[in-house]
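Same chain, two partners: chain A is paired with chain B first, then with chain C.
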Partner chain A sequence: MLIGTTIYALINTAILALMAIGFNLTFGISGIANFAYGAVYILAAYGVWMLLTLFQLPYPVAVLAAVGVNLLLGALIYRFVLLRIRGQALSEVIATFGIGLAILELFRYLGLVGFEYHLPVFVDKSFVIAGTYVDFQRIAIVVFSAVLILGLWFFTHHTAIGLAFRGIAQDERTALTFGIDSNKMATLSMAMGAALAALAAVFIIPLGSISPGEGYDVLIKALAVCIIGGLGSTGGVIAASFIVGFAERFTDTYIGSHWTMIVSLAAILVVLTVKPSGLFGNQKELEERI
Partner chain B sequence: MKKRKERIDRGIKVRSRDIFALCSWREMLYLAAPRLLPVVVCLALPLFLGVYWQKVLLSVAVFALLAISWDILAQTGMVSLGQALFFGIGAYFAGALNHYFGLSPFITIPAATILGGLVSTLLLLPVLRLRGIYFSMVTLIIPLMLVRVIEATKVFGGTEGLSGMTPLPSRWLELYLILGGLLLVLFGFRRMMNSDYGLVLKGINDNDRSVINAGINIYWFKIQALFIGGAIGAFAGAFMTHVYMFVGMPVFALDYSILPIAAAVVGGPGTLAGATFGAFLLVPLSEALRGFGGLRIVLYGVFLVVFIVALPEGMFHYIQRKYHQFERWVEVEND
Partner chain C sequence: MKKMCLLGLILAVACVGFIPAQTTQAAEPVVIGVPTSTGFLEGKEALKAVNLAVEEINARGGVTVGAEKRPFKVESIDIRDAAPGVPVPEALLGLEKIILEKKPVALVVGPFRSEALMAGMDIIAKYKVPLLGTIAMSPASEAKVKKEPEKYKYIFRTCLNAKFLVKYLAGTMAFINKQYGFNKVYIMNQDVAWARKTAEIITKVYFDKAGWTVVGHEAYPTGTSDFSSGLMKVRATGAQVILPIFDMPQSGTLVKQWNAMKVPALLAGFISPLAGPGAWKTFDAKIGGAINCNFEIGSGVYSDKVAKSKAFAKAYEKRWGGPVEAGHGISPAYESVYLLAEAIERAGSLNADAIVAALEKTDRAGAMGRIKFDQGHQVVYDMDPEKAAVAAVLQWNTDGSRTIVFPPTIADGKIKLPAGLKPVK
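Coming up: the complex of A and B.
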């Protein structure tokens, strides 16, 4: 039981990291807390579902299309909404929250709730690892999270755009003097954050079904992980995913499933109270944030 | 030829600026009308409405109170995304006091107002040092957490909630109690925000460090603002418990968090009157759109975005400007 719980806790960690990485990327680069994150996650899931069932497109095409749509959507949200209220953190929060609310509640209104709204798993197989059944999808999530985090690290350290991202994150004015356009970078960061949400949805949604309520949960979980780890720090996201992931699984197994959400929410409160910038947060020192 | 818009104070505004306003009825009316309008509307409107629209007016007042509470907190630099917290705590206090101790509404409502204010202040005390979006995130999370706690521990009737509260003696008393409360809160706290005390609160929002620099303990002021905001929200919640004769998990619903923010943003943040105006606009609108069901919340979302982007000052400031000033296009002389 202990080993099984540990394995599932590891998987849970990967899921949380995958959910939070897009939110974290946007916040780390442009300082925008994208409260529409859960909504774009769900939007991508519904998008893939529609392309698959209504238009009978092949799975990879549908996924690519959904990721592309999210890229565009993120950029559009920045260009037409956030650009005008840039720098007013609270207006940004209220505006993105409004967008998220509108998207999620529209899906709820359209009545797209139920078990038939789900995405297929990649390969319908399962393995036995140390006496525990683990299906292929969950393994794929773990592998993909690891690859994604490594890939993002490579991207931000060895490509021109990635370096520009880090420049903007570290010191916006100095970056401007180097000819880095901060609006362009912020647009890109919103777009990439939304695209990462779409990828996360494609990997995670097959474990359950699509519902608007899930959007709020994803937002809360991404917030939880980012707050505990320190907003904008990738190391913090990984560490916080481990903490929340293990805490959730172990409370689920040993205390009761009702308490899982409470544990992570309580963790946020404790971290915010003791160390508001998070475990690895360096918002105050304005050091490297990605 | 470039043109710019010039704004000039209306003559009547200038004339009625000081004691000379007492010279003519017109000037006096000009000064009194904006203040009298909400009073007259609140006191007279119930007499002309049917039972259904009286209920709507009731929820207008409740959401206006929540929006005022949001606005007071926002003016102090604490933007809450979870007004449902205050509403829910007040509702549960009133419900529990009535259900377990059988106290009458005339005791439970004031008690829940004070206790609810205290408890929500205590709950947010650990995060008082947080600024900006960090505070907003916590307020978003706490109501969700309380729902789960109630679900998990099954206190106060768990998912079923508590029902069978004592209703208020009459419909009219109900209506005038909440409308009177609204007027009192609106004018009282508007006055407070314009006093020196309010200036300190606004200073915390504008630049908390310079307020600290002035030798003022901002945490103590933030605690007081939280208590005020919390108590107003708790009053609304406690009142609604006795109107619905039920208290349960729905009191922590998203509606009670979103609509007040939407009302304050649409009406115009920074003046409590704007928040009230927003509630008087949005709640009847949402009632009219009841047929659309969940689409209402979509509309609130859209309203929030449109107003934040296009008219961040809100309707109230816009109307206020038109009332006091006229505008005209003039040529730009040297560009």
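Coming up: the complex of A and C.
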């Protein structure tokens, strides 16, 4: 049981990290808390489902199209909505939450609810790892999450755009003096965040089904992970995913399923009490210093 | 003469103008309110079933209220009580809103969650609007009706309740025990009132008495989407049967994980995503052997032995372009409209108390079998569709077809063990 629980805790960690990484990227660079994140995740899932079911497109093409649409949507949200209210945190939250709400409730209004809305798994096989059955999709999630995080690290440390991202994230005004266009970077960060949400949906949705309600769950989980880890910190996302991922699975196995949510929320409270900015965040400390 | 002609012409025009004015004035519609979670499959399909019944009745001229034929009109509101995290008071706001704004003569379908129904009973009693509930299942609401009948007489339930569900699940378990000797069960239920109550009652009235061992019991909060720990425990404890009791969409993940983790136990209970014919495609043809109790015949499955369940299923499919997929609340939603129409006609008025009195006298052969209410205003469910309403326990076959295996009166075959499972005796 211990080995099995550890394996599924690792998988849960990877799922949480994959869910949160896009939200974290956008916030880390532009400072925008994209509350439409859960909605764009679901939008991508429905998009892939439609392309597969109604237009019979090959899976990879449908995925690429959905990622592309999300990329564009993220950029458009920034250009036409967020650009005018940039820097007003509450307005940004209200605007993005409103967009998210509109998208999710539109799907609900259109009646896109039911078990027929699901995405196929990549490969329909299970493997035995240390005596525990694990399906290919979950293994794929773990591998993809690891590759994605490494890829993002490489991107932000070894590419011009990535370095510009970090410049804006560290000090926007100084970055401007170096000729880095903060609006352009913020647009890109919104676009990339939305595209990462699409990729997360493509990997995670095949484990269950698509429903508008999932959009709210994803947003809450992404927020929880980012707040524990420290908003904007990739290391924090990884650490928080481990904490929540392991807390959930071990509580489920050794205490009881109905305690899972309580223990996770308690973990959030404990971390925030000890480190108000999250594990790797520094906003509160900076504010206090000023 | 000219004057006479002119007068005649004026009179003729007046008559022509007057007569159509009288005949084209439509009778005022009788409003039926549908406050439920329309964003969930059961709510969406229940609303469609209500609309289907209303269209059928209106096509025949409507409902007779006294001497007048009046059409039905459906007004719905999404009260969202099925969604995780939505507080009961928010759902009750929707219930009160539709009563106050749309002035329905009665409500059908109603809340998903028994918690919302229990709290909503006072609102319904306050405004004296009859409710024919088709989804919430806790028997606690009937206890309230029995305790204070004058106050809560407006609340009726046409779907299965947790007590009757236990009869079907216990019957199925007894079949499994008798045929294959299985006697170790692992119970997994959603952490909501009706599912908790079902698990509690079946343990007390069947498993404890019939010599079964409940090797484990997990209650999952609504919205749970990982069942790996529970399934590992099933394997570790050597359970032969998993009894799932869930109505949330995420319970489909349990079926997928049961497959992926190759858990050597028979899945037999209620998981809403397993109820309809579309489940075969949803779960990539990997549910052969799984057993599901559809709460009412006509909801997600029909039987040739209950002609009206088949007629309803065919009419639904023709009207909406696809079959009923939900295993709960759909045929009761359809029948509730007919029960209401018949009660209004018997009462001869739209007075709530008169409708309630007429509803209490219901005796109708409907899509779920014979429909009669007991003292707690619950439709009686039993094993014979000629005498009571019935549920249907079905088993998925390896070719994607389904066989009704319980109750014996409508069964088309016996329970078969899926490949990989061996009988104990």
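Couple of notes before you dig in:
Everything that follows uses one rule, which is that the second predicted complex is superposed on the first by the 283 of 290 C-alpha atoms of A that agree within 3 Å, B and C clash if a C-alpha of one lies under 4 Å from a C-alpha of the other, contacts with A are read in each partner's own complex, and residues count from 1 in each chain.
One rule holds in what follows: a contact is a pair of C-beta atoms (placed from the backbone, for glycine too) under 8 Å apart; a residue touches a chain by one contact, two chains touch by 3 or more.
The structure displayed is predicted, hence computed values, not measured ones.
Taken together in the superposed arrangement on chain A, chain B and chain C clash. Once the two complexes are laid over each other on the shared chain, residue contacts for A:G213 go to chain C alone; chain B is not touched. By the touch criterion stated above, A:G256 is placed in contact with chain B and with chain C alike. Looking at the shared chain after the overlay, A:L148 reaches neither chain B nor chain C. By the touch criterion defined above, A:A186 reaches neither chain B nor chain C. Looking at the shared chain after the overlay, A:A44 reaches neither chain B nor chain C.
In the superposed model, A:I238 makes contact with neither chain B nor chain C.
With both structures placed on the common chain, the touch criterion links A:R108 to chain B and to chain C. After overlaying the two complexes on the shared chain, residue contacts for A:V81 are found with chain B alone; chain C is out of touch. When both complexes are aligned on chain A by C-alpha atoms, chain A residues 108, 256, 258, 261 touch chain B in the first and chain C in the second. Residues 74, 79, 81, 126-127, 129-130, 132-134, 136-138, 140-142, 144-145, 148-149, 151-152, 258, 261, 265, 292-295, 297-305, 308-309, 312 of chain B are the ones that touch chain A when the two sit in their complex. By the touch criterion given at the top, residues 33, 80-81, 84-85, 89-91, 93-95, 97-103, 105-106, 108-109, 220, 223-224, 227, 256, 258-259, 261-262, 265-266, 268-269, 272-273, 276 of chain A touch chain B in their complex. Only residues 38-41, 44, 78, 83-85, 191, 218-221, 223-226, 228-230, 232-233, 236, 249-250, 252-253, 256, 260-262, 272-273, 276, 278-279, 281-282, 284, 325 of chain C touch chain A when the two sit together in their complex.
Across the complex, chain A meets chain C through its residues 1, 4-5, 8, 11-12, 108, 111, 113-116, 118, 120-121, 124, 126, 132-135, 137-138, 207-209, 211-213, 216-217, 248-249, 252-253, 256-258, 260-261.
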